[in-house]
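Across the two complexes that follow, subunit A remains constant while its partner is subunit B and subsequently subunit C.
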Partner chain A sequence: MAKVSFRNVWKKYGNVSAVKELNIECPDGSFLSILGPSGCGKSSTMRMVAGLEHITSGEILFDENPINTLPPKDRDVAMVFENYALYPHKSVFENMANPLKLRGQDASVIKERVTSAARLLEISHLLERRPQELSGGQKQRVAIGRAIVREPNLFLFDEPIAHLDAKLRAHMRGEIKHLQRTLGTTMIYVTHDQLEAMSMADTIAVMHDGELQQLGSPREVYNKPVNAWVAGFVGEPAMNFMDAKIEDRAGRTHFVHPNFAIAVNDEQQRIIASGARQDALRVGVRPDALSISMTKPPVDHITGKIFVTELLGGDMIIDVDLDDCRVRVKTSTEFEGVEGQTCYMTVNTNKWHAFSKENGKAFF
Partner chain B sequence: MASREVIQYEGWPSKVFKWFSVVFIAFYMVWTVLPLFVMFMSSFKDLLEAFQIPPVGDWAGVTVFFNFTPTTKHYYELFANLGFSTYLFNSLVAAGGSAVVSVVLGSMCAYSLSRIEFRGKSDLFFWIISTRMAPVVAVLVPLYWIFRELNLVGTLPGLILAYTTFNLPFAIWILKGFFDNVPYAIEEAQMVDGATRLQALRAILPLVAPGIGAFIVLCILFAWNDYLFAAIIGSGGAKTLPAATRELVQPQNIQWGQIMAAGVVTALPMMFLGLIIRKYLVTGLTMGAVKE
Partner chain C sequence: MSNSSTTIDRQKGFAGGAELFRVRQIPDSVESKPVSHVAADPPSVNPAASKAYYFWLMMPAIIVLAFISIYPFFWMIYMSLHDVDIGKVEWNNFENFTKLASDTRFLMGWWLLIQYSVMCLTLQLIIGVFLAVALNGSRWEKVLVTTLLMPMMVAPLVAGMVWYFLYNGTFGWYHWLFQSLGILGAKSILASADTAMLGLVLVDVWQWTPLITLITLAGLKRVPQDQLEANMVDGASPLRNFVSVTLPNLYPVLLIAIMLRFMDNFRFIDSILVLTGGGPGNATKILPVYLFEVSFKFFKLGRGAAIALILLIVTIILGMLLVRIFDRQQPKKA
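Presenting the complex of A and B:
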């Protein structure tokens, strides 16, 4: 087990920088998720840790030892690949035994470790089969089994459940998290699915265009996004953004938009007064920070027209047209508005965000 | 999984076409199998019996063809007096040797070309294939000169080298395709599991086995059936079956019986080889990506 540190790590392919100036500390035994859309540099980052890509500059350390020049076999990491990368001509047992065999373990030790890993992952009955005889979920368990048979410094999981169906994915999220907690091994988990990162990780590193945007706990990333990009990427349904002007009305700062004029709270007023020396910004509100009703409320509110309603079983998502944009609201299934009607939304101003229009940086 | 058969709706054109294809295949079979059959039968006939042919149109006279006393004297003559056992050995060593050398060098080269990026890679690959584009005769004279200077003419190593020269580009070309189809992630998984690069290569060899099998057959076939190199580079000390057979045609008489027997001796091993690795040959050359 090891602590992993990235110090000013760059990865360049020719003139293209895939990873820029990356600095992350991942404490021993913790679960770090690297989250970002495809092409953000998250896979390059993981492959540099595994030793499958050279590190262009900077250092990656396990505990205090730089591993830049070590070949993969000497790094003692275990990796689960996106497409599982099982050995098609070998049985499940041989697949899982491979890392132990390559390290010259005794046959009896191999047998014991593989059987106990198989029991943990509930694939004991599959040991004689070949990978092509397995379903996606089973293959994925075998790939995880191959990673856990030895006790590595570090687990590297590269979108391991991206190819499973939704139900199995939800199930495996819990299983992988539980597994990591049980084994206590440091884990780096790469994913493009914010739900996976939110639900499993101790720390999330959000990446975009090769740059680390935010490093923090799932709560911090969700509640205190550092910029509009992170705010928009994390959370489902995504955050609503509206362009608004800052106006003083009766001594209180208001965000003003063709469809609303809403006062900020005390703390926000202070932040705007001290920092945001501009007259326009982007307001961000998550769908669950809005409440919708068909009757005009007595407080500041947004007026819009219902575009469409979607019933999601336990909740309902309402798309509402404003003059210049469309927002989504999460509400309960009792909501009775129908398409085309005028509706009113109030904002929980403790939970809304304001971002700079120029660089997207968050004011609050 | 859905049925993979192409469904058909019968109309008169498809019926006509079906009959046409049956007739075509029948003709094609006669065309290809009959000569072999005649060769096989004639090798057991005395010269006089072999030339008994019924007049044109006399279908009943076909029985004459089967009316003979079998004799193995041609085979006896070949092996007892004409040294065909040596030639058979030469053929086996030359074909097998060049196949082994080509497959070992070819798979390493194909692996490098498939996995490693370096400047001029595509040019290098094209150059390798292009060596197969010129006809053999075009390079035979300079090649003969080089071989003579190196004292390789008339030796088995010389013949193996000659065949390898022409098989190796072919091996690289075929095997590169097979390596390309093996997902790189499998080797990466091996390396993360604790393998060196060489161990990782060895681990994926079973996945390209169909390609290697198919290539070995093609390589052996090329060398076994070759006459040009055998006659020129191998002449003298390393005579192979086709070159030896050619010598049975003498100015004063043509040893038809022995030629037929020599033909059978040459053809049979390849037929057996084909039967044994038929599976590889079919799946090998048509197989797509490796299924994980």
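Presenting the complex of A and C:
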């Protein structure tokens, strides 16, 4: 059990900076997810915590103790690897017993811990088998079992469920979250899947190109993205972006686009007025903040043409062509529009975002 | 997180936790079984592709093989059962075999062959694996490996000649070195019954250790990095990591290396013929050398064939044993 702190951590491979000036505090017992696309430095970050990579600059602390120079075996962390990294020549029992054996535990303690961990994960009947004889889901549980047999300072999960099929993955999200809550051990969970991060973590660290973009709760990251990149990366279907101009009409700031002119609300008006005055910006609207209809609504709206409709079972995604871009709208399955028809969308202006056109920073 | 009712009681430790918390039924795949409407078997089976085609494709290879391999093999068995001389082939009631039982040089040949093989294999494995581990991932790996491979490129006969000069009692470099160190008596290395065998082992080790290094290096490349890392995080020291992850992953390639080398030891006698010819006395007359002598010096072809047959059978049995160990090492696929 430990608090983990990153203080100005850098990782350089030759001239390439994989991680740049990383500062994160992960409180004791919390679930931190490091989220980002491949090559964003998230795995390097985790490997530095595990001691598998040298920390080029800065320090990582467990509680208040720097661990930079400790070898992996003395850091007391447990790691689950993307490819499970089970030892093929050992049985499931021996695989799970390995960390205890290496720490010189008694055979009786090892047996007790491994059997109770196996019971926990419902793999008791597999203990005599070899990893090759297991399915992907079973291997993954053995790998988790190997991590939980001892009580480490910290769990490190490196995309542990990326190779499972979609349904099992959805199932395991809940199980892993519950496991972490139950054991109460600090967890760092690396993933490229925003859905995993959103659904499991207490705190999400969104990374891009080695830089920490945003650190916050899933709600904060989803509802208040700090920049257009985070806004576009988090959320499925992705946020719609439209370039708009800022115009004053009858004393009220409007975002104006060939397809629409919509007034901002009071708070947004204040932010626009107080911020550096810009003529143009980028508007971001999530598909569920738009509502679509075939009849012209009486309020400010966006006019477009239906490009295609996608039925997802429970709801429907409508792709709508605007003059210079295409937006996606989430709606109910009762929607009756057909490809090629003109449609109208209203925006929930409490839920829309505006980003700078130059650097992508969010105004709101 | 702060929900204390689901948090494990740390005092009770892990075993206590398992009682508080159980993951409910994690199916391997969360799919339910579909209903089948299809009969157990198809109404008709399409004919398989004709095998005759493949037979004709293989025919040329079979003919060549028959001439260079199958015919001599059966001819050897035939000879082993007969007294063969120029213009004479006579059945002799398994005398070729029965006489071997009392042939001391035959029995001694086996003992020397075992000594020779075990010494060669042990030294080659230890040095070969050590070199491979030292070279693996080093900056000069490519250059050093190429350099290391040179002995293997030399024909065994030529290697024998080179070492013959190095061992020479008058101007040989090794002779000088060992004598200066006081290890060696007045006799030259190959002339003394005590050291001749070691001299031969040294040549074999010099020439064939690079092969073991090469094979081991290839094996080291496929030791999964993530297993090494997982073991490190589990708490293993580098040495422990080598023993418990690297070596088990190397077993298959090491077994192949052992198999290749022991078979070579049973048949490569070029350098031995050049260096000692089996001498001094019979001190290095390992079985294949004796076989060569019987067949082509004394021209007792029937007897030679009998020895060759026995040697072949023993080689096959040992080979099969190794293959079986190899199979057991390879985990079964589910």
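Everything below uses one rule, namely that the second predicted complex is superposed on the first by the 363 of 364 C-alpha atoms of A that agree within 3 Å, B and C clash if a C-alpha of one lies under 4 Å from a C-alpha of the other, contacts with A are read in each partner's own complex, and residues count from 1 in each chain.
Please note the rule applied: a contact is a pair of C-beta atoms (placed from the backbone, for glycine too) under 8 Å apart; a residue touches a chain by one contact, two chains touch by 3 or more.
If you're wondering where the values come from, they're calculated on a predicted model, not measured in any experiment.
Asks: Between subunit B and subunit C, positioned on subunit A by superposition, is the outcome a clash or a fit?
Replies: After superposition on subunit A, subunit B vs subunit C: clash.
Asks: Quick check on the superposed pair: does A:167 touch subunit B, subunit C, both, or neither? Answer first, second, both or neither.
Replies: Only subunit C; A:167 stays clear of subunit B.
Asks: Using the touch definition from the top, say if A:264 reaches subunit B (first), subunit C (second), both or neither.
Replies: neither
Asks: For A:202, select first, second, both or neither according to whether it touches subunit B, subunit C, the two together, or no partner.
Replies: Second partner only, subunit C.
Asks: In the overlaid three-chain picture, which partner chain does A:146 touch, first (subunit B) or second (subunit C), both, or neither?
Replies: Both partners, subunit B and subunit C.
Asks: Between subunit B and subunit C, which one contacts more residues of subunit A in the superposed model?
Replies: Comparing subunit B with subunit C, the partner touching more subunit A residues is C.
Asks: Scan A:272 for contacts with subunit B and subunit C and give back first, second, both or neither.
Replies: neither
Asks: Once the shared chain is lined up, is A:88 touching subunit B (first), subunit C (second), both, or neither of them?
Replies: A:88: touches subunit B and subunit C.
Asks: Of the two partner chains, subunit B (first) and subunit C (second), which one does A:78 touch, if any: first, second, both, or neither?
Replies: both
Asks: For A:231, using the defined touch cut-off, is the partner it touches subunit B, subunit C, both, or neither? Pick first, second, both or neither.
Replies: The answer is neither, since A:231 touches no partner chain.
Asks: Where on subunit A do subunit B and subunit C both make contact?
Replies: 50-52, 71-73, 77-79, 81-83, 85-89, 98-99, 102-103, 131-132, 146, 156
Asks: Using the touch rule from the top, collect the residues of subunit A that touch subunit B in their complex.
Replies: 50-52, 71-73, 77-79, 81-89, 98-99, 102-103, 131-132, 139, 146, 156
Asks: Which of the residues in subunit C come into contact with subunit A in the complex?
Replies: 1, 3, 6-8, 10, 13-15, 17-18, 20-23, 25-31, 224, 226-227, 229-237, 240, 244-245, 248-249, 251, 329, 331-334
Asks: For the complex, which residues does subunit A have touching subunit C?
Replies: Of all residues in subunit A, those touching subunit C are 29-31, 50-52, 71-73, 75, 77-79, 81-83, 85-89, 98-99, 102-103, 112-113, 116-117, 119-122, 130-135, 137-138, 141, 146, 148-149, 151, 156, 165, 167-168, 170-172, 175, 178-179, 181-184, 202.
Asks: Applying the document's contact rule, which stretches of subunit B touch subunit A when the two form their complex?
Replies: That would be residues 183, 185-186, 188-196, 199, 203, 206-207, 290-292 of subunit B.
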